[in-house]
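Following this line, the structures themselves.
The two complexes that follow have subunit A in common; it is paired with subunit B in the first and with subunit C in the second.
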Partner chain A sequence: MTDSLAIKTESLGRIYKIRGGKKTKETPKELIALADVNLKVECGELFGLLGPNGAGKTTLIKILVTLLAPTSGLAQVGGHDVIKSPHLIRPLINMVSGGESSGYGLLTVRENLWLFAQFYGLDNKTSQERITELLGVVGMLDRANTKSSDLSTGLRQKMNIVRGFVTDPEILFLDEPTLGLDVGAAREVRRFVRRWVAERERPRSGKTVLLTTHYMVEADELCDRVAIIDKGRVLACDTPANLKRRLQREAIFHMQVSPMNNGALSGFGTLPGVRKFTHEAHDGSSTLELILEADDVLSSVVAKLTQHNARILNLQKREPTLEDVFVDLVGRGLSEEGGGE
Partner chain B sequence: MAARKSSTEMFVRTVIARAYPRVIGQHRELSWVFFDIFLPLMATCAYVFVYKAIRAPEEYIGFVIMGGAMTAFWLNVLWSMSSQLYWEKETGNLGLYVMAPNSLMAILLGMALGGMIATCMRALVIVVLGSWWFGVTYAIGDFIQLFATFMLTMTALYGLGMLFASLFLMFGREAWHMSNLLQEPVYLASGFYFPIRSFNFWIAASASIIPLTLGLDAMRQLLFASGAKFGFLSVRVEIAVLVVLCVVFIGAAKYSLDYMERLAIREGRITDTRK
Partner chain C sequence: MKRSELSFPLVPRFLRFPALSRSFTIASWLGWQIESNWADPFLFAVYSVAKPIASAMILVVMYNAITHGNTSSPIFPYIYLGNAFYIYVATVMTGVSWAVIDDREHYRTLKYIYIAPLRVPFYLLGRGVARFIIGSISVFITVAFGVLFLKVPLHLSDINWLMFFAALFLGVFALAMMGLVLAGVTLLIANHVWFVGEAVAGALYLFSGAIFPLDILPQFLRPIGFLMPLTYWLELIRRSLLGHTAAAFPTLAAFSNAQLFGILVGLATFFTLLAFVVFRYCDFLARERGMIDMTTNY
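Now for the complex of A and B:
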């Protein structure tokens, strides 16, 4: 590698041409999936891309793994340009996507994994050893001889994850790797990814992982640095701690109040001193999340609640989370509707 | 950085690995017995009975059985080579193949090799059963020429399959219709059920672009005592043409595959699964 950067993009952009209906002659519509993306990922870094549906995360990964050409700008992986020298990038990388259905259903788990290892030139002994080791890590050794068509969604995803690690890539791309996994399995996978990067770091061989997710914890716990991306643009890029520190001066409150209708709730966002406001209705209560410029803004919030005859059931001041940073930057929560496109 | 494998070793490993599911699949999925042996065998029998009814020369029965066996290869090339990349795209394998440090050529060669091995079994069953039922006698003069003809025919045929596959990289479901469209006319044009000598010279010459045409013609000449009498061109000429077809098809497939891969990456077609 020419320098210590595993991944570098400069003013990277991708526009999709949306083909209209079959017979329409109108010029195809254009969709800007990525615009002016500038990222630098160091070797040995575990880097996260966090963004809502349609943010452009998968598009960016596809460009970096040489499966999609950018329409503008530059992208380098391992010091090589994705357009000019994909053949130099491909031996260095691998990719796992959430919910992929790769492989052949009539082959067993072990056979499928062997097959993909062969494409990277791994000899039989090494590949079988690594497959056994990795299946052990994801707790699937007893399923090694199951036909992959007979696996459940979660087990399939574990097989996919093993496929990515078997070739021991320098740079691994994980696109929502824990999709479809239960809480315990997702935690196992995160722990494994963390360990894999840490172990490889010691002799400074510099294993790098770029991971996309829309699980806040995943980004927060796992990643050295996180880029928050929405509508094809990178809004912020820093360590989770630094990102959260941006909100340190603000006061963040979590409030549970007696049920209120949406009309009454919508007024809170425009109160002076309220930076961000989100709410969620439950049976018998409403949950409000407030990012305030200072503590004393709370009194006007309480006054407004009283005005609407709402009772406060619970009030907590809390430390900023990555979710708050996200809401602050994107203007809406990850779980809320109305994102994407 | 770990020592990188030589590209030749990687190429060979890829070919073998991709051939593997084809060969092993045969043992795990038995529906092929019906589709790939029973159906061609029935079609072959039908022609045999027609020839018997119209009192065609006795040799024609042997010709038909050879033709029937070779249809198995044609079906394999159409349905498991040409439109295969479309299915690989649907399952997400195509992206992984392109991303792997190898040319797609290795993947296609693996598909071809696996398909060829699996289909040989089927073709053999048709020849053995057909010859036994209808009492066909063979008179093999030159075994080496026969083997060379068969191998060249296979190479050229699967080379054509690879060329198709590369073209179909850009198509979606249309690939399916194309295969359907090509299936029957080729039965006729390449003389699966009768010697192409029955055509006029120019039609037979045009049909020769399909490797099976000359391959079958040459194999019939080499297999049956009176075969030469029904031959289109001399065996030597036919072998020479087959060599040319091999080079042209495989060369074109490689060129087209490289081009199509770059085009598909630019247009975002490697991973999209548009309807």
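Now for the complex of A and C:
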């Protein structure tokens, strides 16, 4: 790589043209997937892109791995331009996309992995050694000779994760690697990534990971720095600790109350001192997340609840999370929860 | 990690660039694993043996109905061999372009292949090798069936083997390049791509002189046939197998073998250039439109 930056984007933009049905004569609509994205990822960094579905994370990864051309701006990977020199980028990178079951079903797990190792020019001995080692790490050594079509979704995804690591790339793109995995499998994958990162740091080899996720825990646990992205725009970029420090002065409360209708809840966001307010309805209760300017603002929230005859079932003051940072920046929560956690 | 050029002693010198040889040879291996996955030998027998023979028999029955069973006419082996070798058109052309559909829609691996340090056109050509081998089996069986049961006058000692293999190589090469053009077009088509290869192969059947001379076509359609390498390739294959009997159809009778080879080499070169230009352009457009990893579930 020609400089210390593994990834660099300047004013990067991507617009998709959405056409209507064949019989409609409407002009194509434009969907802005990325707008004015400026990022710098250092070599050796584990960098996270956190955002909800449709935020533009995958579009950004597709551009960086040379699958998709940007509409405007500049994108460089390993010091090479994604448009002018994709052939110089490809030997440096690999990618894992979560939530899909790609692979040649009629080949065994080992054959699938060997095939991709060959695509990257690894010699046979090194390929086999790496495959054995990595299958051992993800606990799939006993499935090495199983046809990949006979694997469960989770195991197939693990195979794909190994495929991304087997070539020992300089820059690895992990696009929602735990999407669709159950709790245990997602935890194992995170453990695996952490282990790889730890090994990477031992003799600091400069290997870089760009991880996209909409699971805040994943970003918080794994990433050196996180960019929060929504509607194609990067809203903030810093270490998870620094991002959370933004909210240190505010008071964050998690409250469970007896069921309330949306009309009654809508007034809470406009109360003086309430910076952000989100709510979620459950069977038999409503959950409120509040970011308040100070602790004493809580009394006006409680008064308002009393006014609506709502009972407080549970009240908890807690430390800020990346989710709170996201809510603070965007005004709404990450739309999906869980992520195997 | 150690990265080294793979050692493939049988790979020609011009392919001994790491990315090119990797792309071609590993794809050939993969293609063979996919195509030879004859979990059901019955299906393989139907597609590789029964189907070509049945197609040939339809032609034979039609020929007999028209000529009242005159299989001793030189026209009969001319038609029979033209039809038999035409099997290569669908198998090779479709073999190359099909890999795009197979990897993108079925295995969902095309994006990973694209981001690997490969030369995608050579990868696709490699994927076509297995179809070529299976096509060769079908051609051999069809020709053998004709010789054994339909009195196609083929004598091993009379065959000009050098000319046969030279023509076969050039023809298959040109077909592979046409397949690459189709592969490029396939990258840009969302639906109906399943039929592109078969449709083009079917359409070219009319313009290649496989079963009737180009003279029969309307005047304005003949240039299509004369621009297709298949026309000269089939003529050379027939001449190498049948010798002077191949002059039954007059269309290319005025051309010597050397002239036909010259034209075939010229057209193969033209289609090679065309294939790489078209594929590169389609590849550019596909990346512009985000179609490399598009799946339609169609």
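The working rule: the second predicted complex is superposed on the first by the 328 of 341 C-alpha atoms of A that agree within 3 Å, B and C clash if a C-alpha of one lies under 4 Å from a C-alpha of the other, contacts with A are read in each partner's own complex, and residues count from 1 in each chain.
Everything below uses one rule, namely that contacts are C-beta pairs under 8 Å (C-beta built on N, C-alpha and C of every residue); 3 or more make two chains touch, one makes a residue touch a chain.
Computed from a predicted structure; not experimentally measured.
K.L.:
With subunit A superposed, do subunit B and subunit C clash or fit?
P.N.:
When both complexes are placed onto subunit A, subunit B and subunit C end up clashing with one another.
K.L.:
Under the stated touch criterion, which partner chain does A:L67 make contact with: subunit B (first), subunit C (second), both, or neither?
P.N.:
In the superposition, A:L67 touches subunit B and subunit C alike.
K.L.:
Is A:E170 touching the first partner subunit B, the second partner subunit C, both, or neither of them?
P.N.:
A:E170 contacts subunit B only, not subunit C.
K.L.:
Of the partners subunit B and subunit C, which touch A:D81 in the superposed model: first, second, both, neither?
P.N.:
Neither subunit B nor subunit C is touched by A:D81.
K.L.:
Once the shared chain is lined up, is A:F116 touching subunit B (first), subunit C (second), both, or neither of them?
P.N.:
Touch partners of A:F116: subunit B and subunit C.
K.L.:
Which holds for A:E42: it touches subunit B only (first), subunit C only (second), both, or neither?
P.N.:
Neither subunit B nor subunit C is touched by A:E42.
K.L.:
Report for A:T126: first if it touches subunit B alone, second if subunit C alone, otherwise both or neither.
P.N.:
A:T126 sits against subunit C, while subunit B stays out of touch.
K.L.:
In the superposed arrangement, which partner chain does A:D238 touch: subunit B (first), subunit C (second), both, or neither?
P.N.:
Neither partner.
K.L.:
Kindly classify A:E10 by the partners it touches after superposition: subunit B alone (first), subunit C alone (second), both, or neither?
P.N.:
It touches nothing on subunit B or subunit C.
K.L.:
Quick check on my understanding: which residues of subunit A belong to both its subunit B contact set and its subunit C contact set?
P.N.:
16, 62, 65-69, 87, 90-91, 93-95, 97, 100-104, 106-107, 111, 115-116, 118-122, 168
K.L.:
Mind pulling up the subunit A residues that touch subunit B in the complex?
P.N.:
Residue positions touching the partner: 16, 62, 65-69, 87, 90-91, 93-95, 97, 100-104, 106-107, 111, 114-116, 118-122, 168, 170, 205.
K.L.:
Provide the residue numbers of subunit A that touch subunit C in the complex, in ascending order.
P.N.:
Per the stated touch rule, the residues are 16, 62, 65-69, 87, 90-91, 93-95, 97, 100-107, 111, 115-116, 118-123, 126, 130, 163, 168.
K.L.:
Which subunit C residues qualify as touching subunit A in the complex?
P.N.:
1-6, 18-19, 22-23, 26, 29-30, 33-34, 37, 107-109, 111-118, 284, 287-288, 290, 292-293
K.L.:
Report the residues of subunit B in contact with subunit A in the complex, numbered from low to high.
P.N.:
That would be residues 1-2, 4-6, 9-10, 13-14, 16-18, 20-21, 24-25, 28-29, 91-93, 95-102, 265-266, 268, 270-271 of subunit B.
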